[in-house]
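Look at the two complexes coming up: subunit A is in both, with subunit B in one and subunit C in the other.
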Partner chain A sequence: MTLPENVVAHLQEVLRAPDPPGERYMLHEPVGQGGMGTVYRASDRALGRDVAVKVLRGDVADAEAAVRLEREARILARLEHPGIVPVHDVGTLRDGRVYYVMKLVRGQRLQDFARGAGRSDVLRVVLRVCETVGFAHAHGVVHRDLKPANIMVGAFGEVLVLDWGIARVVGVGPAPDCTVPPPSPVSSQEAAAPPRDPETAPGTVLGTPGFMAPEQARGQPGLVDARTDVYGLGAILRAVVVGDTDGRDVPRPLAAIWTRAVSPEPGARYPSAADLASDITRFLDGQPVTAYREPFTERAGRLFRKYQTAIILVLTYLAVRLLFLVMRGF
Partner chain B sequence: MPLTGGRTGGRAFPTTRRSVIDATRDENADVRRAAFDALVAAYWRSVYTHLRLKWRAQPADAEDLAQEFFARAMARGFFDGYDPARARFRTFLRTCVDRFAANARRGERRLKRGGGAAPLALDFVAAERELAAATAGAAPEADSDAWFDREWVRSLFAEAVAELRAASMGTPHEIRFVVFERHDLAPAAGTPRPSYRALGDEFGLPVTQVTNHLAWARRELRRLVLDRLRALSGSDAEFRAEAEDLFGVRIP
Partner chain C sequence: MNKPILGLLLGGALGALDGLSALASAPEVKPHIMGIVAGSMGKGLVAGVLTGVVARKVNNLAIGIVAGIAIAALLALPFALGTDPATGKRYFWEIMIPGSIVGLIVGYATQKFGQPVPQRT
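Up next is the complex of A and B:
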């Protein structure tokens, strides 16, 4: 018998899909690809629902990568938050590769969402990302690979931070004002026997250029803390606000927010994602932001824009009143 | 149900653990013949396509050359000198074909079709038709080595599917193969595959059962392809490399 080209191509694709042991999961097409793993849509036949299965890519499937994927699954499992995809299961394929099963999320990547959304909507999404990252920091986890491609905006407005593959569990940051506390009590077992962290080796550089803090790009894991993610958040903010434009129409306070967030020196950045979020909220509310000292004229202009309606009403009232007095006088 | 070692469209496939290439040097003539048949089944399309594209042989000439090549390979032990440490068997075989074609072209040998052996029953007409369709619009100097590999992969899958079919039909697994055939094998290029729900309605099965059947068939097919790959490889290292190329994963 012979097989047409399209059938051979299809068979190669479906047979390339990993084959989890047992009968529970059946993998379908790939829905995402990262530096370490490929995410497949899959059927969970036990519960009759679609799920996503992340499997180590065949070309990176070594012992270190397996440890890293297991760590990612464990980190995700302990971060229960609406902005973080829940993990359902973890296992090993017949060929030895580690995989984990998570909720299947559908939506747009942030860069795509930003192209069709207004600035305030985009800023509110970034705020949600800040909240999620702040939650992770509160549990001692630094993401280390924040970028628009790792942010999913769902059809119902949900905002999810994806790909925690190079996330790192950290202790108290080096700076006294760093808000990252020690790992939460649920990690006591890990604290007793911490998983080997392949990313901690000095000189190892993992991350995405353009969104990676300088201390991370230099391969200085000892300097990585919450402010490393603040840098990534600032880079995201800049990327989605400026987009494909030259950025000339961006208000100075907004530009000042990301400028502070992406300061080369960690100490010059916002100390936490929550502080960054506060400044974005202030900007959205028309209030002065901490990152920018306003000249008097700009302040007056901002206040005018903020209270425009009330000011116009008062001025109109005064003008009418004046006109009335003048007419009576004559 | 054991599927390994079934028949492939009427052709027996030799033991899947021993290399077919080793078996071509066996003392037992029947073993040698079976191994040779397996090699022909796996490679004749590649050889024919290679002769058509690289050597620009006319269809009838390419057919004669392919027949002659395999006949002489069997009679004169072309593959005896294969050294797995030096190259993949596929590369070695392609080199053999090139030398054979070059000699034939120079007229250094008078080709007697089949060297007196009965011609192999190979469907060259279908191969030519598919080649014409596949290369329509392609540049004449299209990479013949890539075509050689492509045809080899196609044969590998075709033979494995035939074996799966033979092992399933008439058994309790028949419905599994039929569902697999409808979903994965039947759709023509450009037409959408039937949804799991549509297949369930067609066969009176719940969707979960459709996915179960597909999973079973794909798993069996993967195993059969890998078994064939192992048998057609000259060494374990070659098998692993081929499997990684084909499926993108390392074999444990």
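Up next is the complex of A and C:
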């Protein structure tokens, strides 16, 4: 007997789908895919709510990837912030793959949000991303994979930074320890050994081209710090502001902000995400930004736009006075 | 800076300038310019602080502007209805229209700028 193709495909899909132990989480369709894992929508039967479960992908399920995913869960659990998805649970599947359970976030990826939103709304979202990333930096965590696809704008306006899979702990506060046994299949010798530190080895390149800082692209993990994420934030800013256009109508101060943020030399970038956020805020408030020395004409134009109504009212007053003066002449 | 203070300062400054502008529009009043400036400035101070109080109570640009014009026009009216003792002339529109525009500016400024009142919880 030959099964129809669609039935075979369905069976293959069922076989591929992870099988969480204890039947607390019932997995549904995949809702996202990262470098290491697949995220599924799932039902938490114990609490009667939808959650998201990130499971290590079968094709990358080695011991190092497992430690990295578990480490991601621990980093996320440590970073309690409105801009970071809360983690509820972590565990190991029957087949040895690590998974963790987090809040299910519904919304749009930043690049989709940016297509339908005004520039100032997009900039405010980038500001929120800067705040979240700055919070992570304050806790010694560098994201290293910031890009529009890793930013979610939720249905209630919440802005979440996702996929901390290659985040790096850079020395502020204790690194999350890895106490869950390494997943099978591994040799007995490997199983007896302590979990390997998943820190990126020199020469290893992790990240996304176009959003990855040069020192990261060159595989120099020793040079990775908060300014590496500042580069990613600048690249995000450029991507969402320019979008599909040629970028000709972008104000020069705004272009100068991302130009400084994506400087090839880390020392030429903003020293922190907070400094980048301050310049974006100044731009939104119609104030001069530190990244751009504006000529007098542009400064006058900016001040006129900012105080347009007040200036027009004063000019009206002067015009009325002049009118009476002229009328008196006649 | 709170809104009544902003209205006071702006109203006083614009009132003084409005009084000084009489030198250009009616040079014959030069001997009385100090009195004119003082009167115009006093009127601006009172109108400014009243408009600022309105702005603190009501957060509405249209109402703020109308209040600014009305208060300034009301305070300018006695001056506009009087005649210049030196020349015997009446400068009704020369006083009412610029004075009202000053009220408009103060009404706009006190709505747009100045520290809002903290919301009670």
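By definition in this document, the second predicted complex is superposed on the first by the 292 of 330 C-alpha atoms of A that agree within 3 Å, B and C clash if a C-alpha of one lies under 4 Å from a C-alpha of the other, contacts with A are read in each partner's own complex, and residues count from 1 in each chain.
Quick note on the criterion: a contact is a pair of C-beta atoms (placed from the backbone, for glycine too) under 8 Å apart; a residue touches a chain by one contact, two chains touch by 3 or more.
Note that this is a predicted model, so its numbers are computed, not measured.
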| item | value |
| --- | --- |
| First, second, both or neither for A:96, with subunit B first and subunit C second | first |
| Touched partner set for A:118, first subunit B, second subunit C, both or neither | neither |
| Which of subunit B and subunit C A:309 touches, first, second, both or neither | second |
| Partner contacting more residues of subunit A (subunit B vs subunit C) | B |
| Touching partner for A:317 - first (subunit B), second (subunit C), both, neither | second |
| First, second, both or neither for A:325, with subunit B first and subunit C second | second |
| Touching residues (chain side subunit A, partner subunit B) in the complex | 1-8, 10-12, 14-19, 23, 26, 43, 45, 48, 57-59, 61, 94-97 |
| Residues of subunit B that touch subunit A when the two form their complex | 9, 123, 126-127, 130, 134, 153-154, 157-158, 161-162, 184-185, 187-190, 208, 211-212, 214-215, 218-219, 221-222, 225, 244, 246-252 |
| Parts of subunit A lying in touch with subunit C, wherever the complex brings them together | 309-310, 313-314, 316-317, 320-321, 324-325, 328 |
| For the subunit C and subunit A complex, residues of the former touching the latter | 21, 24-26, 93-94, 97-98, 101-102, 104-105, 108-109, 112 |
